[in-house]
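Each of the two complexes below includes chain A, the first together with chain B, the second together with chain C.
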Partner chain A sequence: MQAFFAQAGTDALTKTLHAVNDTNAWSSLTPEIGIALLAVLTLVFEMILPKSLRNVIPNLALIGIAALIGGLIPSLCHTSQAEYEPIFGGLIYQTEGLFAGVLPSTTLLRVFFLTAAFFVIFLGARYLKKRDLPVTEFLHIVLVVTGALMLLVQSNNFVMLFVALETITVGFYILVGYNRKSNASLEAGVKYLVMGGLSSALLLFGIVLLYGVAGNPELNKEIAAAGIDAMNFDVLKDFIAAHPTNPLVLAGISLVIGGIAFKIGAFPFQIWVPDVYQGAPTPTTAFLAVASKAAGIFTLMLLISGPFISLVVSSNGARPLYWLLAAVTGMTLIFSNITALGQTNTKRLMGLSGVSHAGFLLLAILAAAQPNANNGLAASAIIIYLIAYLAGAIATFGVMAEMPGLDDSTQSSSDYQLLVKRSPFLAGILGCSVGSLAGIPPSLGFVAKFLVIVAALQAQLYCLAAIALLCVGAGVYYYFAWLREAFQRTWISEERAKELSTPIEVSVPSRIVLATLATIILIGGIVQSFLQILL
Partner chain B sequence: MSYSCTQLPLAIGFPFIVSLLLLAVGRWLPDFLGKILAYAGFLLPAVIGIVAWIRFGEHVNPETGYAYLVTLPFGLKSLGIAMTLGLNGISMPLFVLAGIVGAAAGFQAINNGPDENKPLYFGLLLFILSGLLGVFASVDVFFFYFFHEFALIPTFILILCWGGLGRRTAAIQMAVYLTLGAMISLAGIIMLYIKTGSQSFDLIALKQAVATAPLDACSQSMIFGLLLFGFGILVSLFPFHSWAPPAYTEAPTPVSMLHAGVLKKFGLYGLIQLGAMLLPLGLERWAPLLLWLALGNIVIIGLVTMSQRHLKEMISYSSVMHMGPCFLGIVAYSAYVGGGSAGIGAAVMMMFAHGLSVALLFVLCQGVYKRAGTFEFGEIGGLTKNAPVLAGFFIAATMASIGLPGFANFWGELGIFVSLGNLPPWQLALAVSSIVISAIYGLRAVANVFFGSQSEPLKNHLATHPARDITISERLASIILLAALVAVGFYPKLITDPLDKVLKQDFSTTAPAALPPDCQDKPSAPPAAETTLASNSTHR
Partner chain C sequence: MSIGLHHYITLACLLFVIGLTGVLVRRNTLIIYMCLEMMLSAATLALVAFSRYNNTMDGAIFVFFIITVAAAEVAVGLALIVALFRKRETVLVDELKTLRR
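Presenting the complex of A and B:
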């Protein structure tokens, strides 16, 4: 092994390690370090606190996350147009403010992931306690995964990207199968493990192909001369631009995109989504839907605007990656909406409709990659769409978690019958959140969809925009079929009526969080001026 | 801020805030307080609307044609979206219509509404109402669309909670159809924004952009097509109407009133303000097809209406059928028909009149149901004995809907048919047959329900449920609507005076320029702002 390194690239390796050592800037990773400390602290508290006091651990985690978000706010308000240098020898690239070029800044993305983790921990603590499952371990893994998510979107090197992505995936293996008492959860865990392993293999194979071909001194004279690292995005960008038709490059890129499509749940790697979403504990499903999808989308943006850009935007008209992504986007939208039409299991429905949301996000990514289109608008549309999805999906999952019954993997829309009588509060929240997911004004979801469509039409993606618009119509069918059960005055048997006569109690903290999310949805939809800062 | 600037935001915002209040904390409010709030929410817009109507002449800005213009801090500045409210000659009658029908629907809802969960019922209705007012007060096209969609979820919930037996299907069918229509028209609106290159969704700015650099015929035709089919679905243009009759039939009465009376006018209004005004060449291209579809509304839906035996369903179908003449008024503006801008004005008049008359019919139809316990013609008859005043109102409403002189509908239909004068006689005959068809089904309904001998089922029903004549609250709702119909019927200048100013300013009185050769034949010249975009795109 050592001999291999000595021959293949001792110089490169040692130089990289030296560079990492020279340019480390640990202070700029304070939030990640903080979240890692928080993760360790939860375990320590679990050991040292007496049983009666362990209930405070989730609250401590929530306070910690809130503090970290607060700490990032100043650099979010930072608006200087400074040139940012990669740190840690090119492993990590950080930007400040809200947007850096056409990409959302990494600071904004870190805040996004921290916010998602905040809500997931809030949901998880209540959900797991109700089912008598260990809470602290869940918190620990969620926090570790959050740290990895934050690192993933800052990576500037395939090694960093792969390590972060694997940390996330391994964390999710555990989270998906977390409910050991439930067969559905275990089944979902196995399925996610097998499919996730496959996708990691694809991704790794793609990375290796790219590394191999870009590191080949025959092809890449600069590498041999300077001894720089062919895993680095900047190096790969130059290499791919110089060799856009090399078959190994094309194969490597396709495999990398495939691995990321798995994370997003994009066609043809969407098959795992309904099963895993259904079986996983609801907080995990929420985390998977919001954070994992967002991570995949941001990684794709990072790659498309960075190393792969010459295959999306090219002067000679050959844009293989553009056509690949366009096909994936179209098929993702069509597949998800057709399969969701007949779905009555609410968690499977959320999974399939989540795939449809991924399709909308892919559409915005394509629009952002178009030359001379309003790329900034498309990037804003992605951020606003993800915020809308975060609020809508977490609120919906929150309502699902509040529904009575311990096994929610079999929860179907008919379980929501007479919800408007049993808990007008939950029915109202469901109306807001599902309406926002369907993209109906006056909700944030509408504004997000509107921006995506404007960006797509400005980028002249007429065909895909038409598909997306039709999918909104299909979405209304399956989303409103769910709302219909919740609101419909209906005739039911006496036994069922007895079952449904008990009102559903919602605790005060849950009420506050759900009401806050609904308010965000409505305020964002009605007073759109608040979104102006993101445009 | 003077009153003239704050009245439109107040008219839209007040019902909206009351609605949110009732939805959020209505359950804990005492009953009477909820009622007072609801009354205030339903009545204030009508009062503001009528005051605005009276003072319109002195406030109108001769340059823009708009009065009471005000821009609120909503919207996305970087995309050129700002909530600008204002009324011009076309939107003002419709704004007033929304206010009046809203007040009538409010009376109906508060006094004849459900017994339980009232705050939800009032709250959702007020939510729809504020959206309706917003639609017609918006000068910004984005908000015009945005406010329209306010109605979707509340209507859906209202039909499901308080609808008739077929509510389950009707609600979802309505939601899917309306969303599809809305999405197609949204695509048209966005394309209009992109193609004009005006960087603004403001209608006045769009108008100026089109005036300085008219769109090429090809884009006009494409955008008009999107608007036509999108709005067409929303207005229940034949053959995209099949969602409307079941939805109106199953919906609770105030919802049917607001939906059939006011919300549906959204599409026609959009087709006039965006389609005919900004895209005359597009209208030209689609006029032949639109003419046939509108005739389909009149003749085919007319025949379907004639065959109905269910009172509420008949009224629902009749409201679909009456969209035919409105569309014809818009078609008349094209050079293909050559009716000039008079058709547009008549269409607006017709929209105003139809909104009032169909809402009136829905109120009275609910009154019939309350007394007879059924909507079926065969099971009623001779109701005049028990409810003579109701019969009087119903006959008046039917006459209005047929288009008898003295009601506003007369001026609308007359204007439309006059502007269609250049059509071949047989086509004109088909168009005019709408009067005959409405007379047939309308009068037959009156005869079946109110005259003749009482049927056995009705006698049995009346024996157990003694019926009294129309109540004060029903009277109030009917009188508001009927008074407006008669006032405009006798003094049409109330609407035509402001309308004429807009038509003179924004619509050429002569027919638009003749159609250029087919757009495929000549290379399309994209507008200036699009040149860079188009030149760099190699696909599609």
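Presenting the complex of A and C:
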């Protein structure tokens, strides 16, 4: 028996290695390799450049990212409906063009993450320099995390998924606790560490259960014969479709979904969100809000349109995972909006409203998973929503980082009083971005929310669509309470008025970046015809 | 009595639940962290047992990835906890109350 196991095991191993070797396609991972090189280069430059020249390192990183985005554009414009084969022995699955079936293509997602990293590095370099914190290490970790994010959305195997997700999570532990001088940042780091570790453990145990039951030679005869990889999404998809009520399958899937829900910040795993968003340095919060949430959402899409599809769309009407997700979506929307209502700390507000945005994205995912619905519309709604959230959230965090005062974890909406007088530019940007997050026309955020609700109605999710509409109303209330401080003249004492009389200086590069984001928001809202390429 | 797959899986589940309970009820960050590591070990044990029973090597290979990832996580995690202790002189979660509305 011992010898047999060793023999069979070694055979399977050689087979796997051969398969990986035969389907290697390193050239299709050029952007990931490029970003890894860029990450190493930043550290090399930090060592070899004299102190006076180190200010150029962030600019080099920005140029590198822009070049990588440029390199991906041709494959984004590639529209042939070719069949895509998994590469690296089934570890990675890549698609080109804008959409591939009901999913956004992996190329589009890679461009999305690179863009997010571009803005985060831009924000981070200025933010950290102002606070006299090391910049290069921040760049390095952001670049590594971006590479892992890009690999995560292309994974076609649970090993790949877990390793990429953990690289992201460990990177974020460092980024959240980056400001070692600040109690808030360290405390947020430890809270994120405990919560992130817990979610990883849940996810991992779920993966192990699925592997164990799908590879069981008594249940899965094909595996016993061919020795195929039971962690591959395609193998799991067939197995789960054949055994949808196996208790180990259900337990495994619930644990995996729980682990992912943690990353998204969906109910009931949203408790860490306000604390971590508040304590983390602002550029990290922006990265966490945009990239980490998008990664979680895409992983969920990948799983429920791949291996778990038979529990979401089923012919005999039993769709346990679908109802679970519907309940999570409803609770996420309701809970986040109720808790955000009385919030005055701006970063906590962004955290709690971010949970609400995650709820909207989950609603779109449910609509995309509904059979007989217009799945294409729901998939476009997700992408447009994420672009709107990227522009809106990063512009808002950008304004927060420009505000005077070094400790921004205590920034509250009353700090924005008279902003329109102190810096009309920042007030204008804040108006655009927060208005877009609230979903006010004419802004990209309005179009995005509109598309999500239309997709939900087409998928006949009437109850959830009604909850989402109420949440838009609540969102207008809490976002505009903040904007009112910035724009409306409220009664303030003489001393406070004197304190607030100094204008806020904004540097030219920051002005250009913030203005670009605001332009994207407004053009997306006014000239909707150009969004048609995404529909 | 021979020890079969069920024994290993029961043990792994038990370890996992002990770890989870520890994370939820303990108040010392270091002990919470140990419990997290115990949950990862439980998953590793189950993985090896499944790999042996299923006669596929993927599980056994995955274990190496998990160990690597856990090592990275511990390096970062302990560094964070030590930095927090230097600043605040406490590792008890009850006393970490800077972040409140």
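In the analysis below, the second predicted complex is superposed on the first by the 521 of 535 C-alpha atoms of A that agree within 3 Å, B and C clash if a C-alpha of one lies under 4 Å from a C-alpha of the other, contacts with A are read in each partner's own complex, and residues count from 1 in each chain.
Keep in mind that, in the parts below, a contact is a pair of C-beta atoms (placed from the backbone, for glycine too) under 8 Å apart; a residue touches a chain by one contact, two chains touch by 3 or more.
All values derive from a computational prediction rather than experimental measurement.
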item	value
Room on chain A for both chain B and chain C (clash or fit)	fit
Touched partner set for A:Pro371, first chain B, second chain C, both or neither	first
Computed vertex angle (chain A) for partners chain B and chain C, CA, steps of 10°	140
Contacts of A:Lys129 with chain B and chain C, given as first, second, both or neither	neither
Contacts of A:Gly431 with chain B and chain C, given as first, second, both or neither	first
Touched partner set for A:Asp229, first chain B, second chain C, both or neither	second
Partner chain in contact with A:Arg489 - chain B first, chain C second, else both or neither	first
Which superposed partner A:Leu198 touches (first chain B, second chain C, both, neither)	second
Where chain B and chain C come nearest after superposition, their Cα distance in Å	22
Doubly contacted residues of chain A, that is, touched by chain B and again by chain C	none
For the chain A and chain B complex, residues of the former touching the latter	317, 370-373, 377, 420, 424, 428, 431, 435, 438, 440-442, 446-447, 450, 453-454, 457-458, 460, 462-463, 465-466, 469-470, 472-473, 476-477, 480-481, 483-484, 487-489, 526-529, 531-532, 535
Parts of chain A lying in touch with chain C, wherever the complex brings them together	5, 8-10, 12-13, 16, 159, 162-163, 166-167, 169-170, 173-174, 177, 180, 183-184, 186-191, 193-194, 197-198, 200-202, 204-205, 207-209, 211-212, 215-217, 223-224, 227, 229-231, 274-275, 278-279, 343-345, 348, 409
Residues of chain C defined as touching chain A within the complex	9, 16, 19-20, 23, 29, 32-33, 36, 39-40, 42-43, 46-47, 49-50, 52-62, 65-66, 69, 72-73, 76-77, 80-81, 83-84, 87-88, 93, 96, 98-99, 101
Chain B residues touching chain A - in the complex, by the definition given at the top	23, 27, 73-79, 81, 117, 120, 142, 145-147, 149-150, 152-153, 156-157, 160-163, 167-168, 171-172, 175-176, 179-180, 183-184, 186-187, 190-191, 193-194, 532-534, 536-540
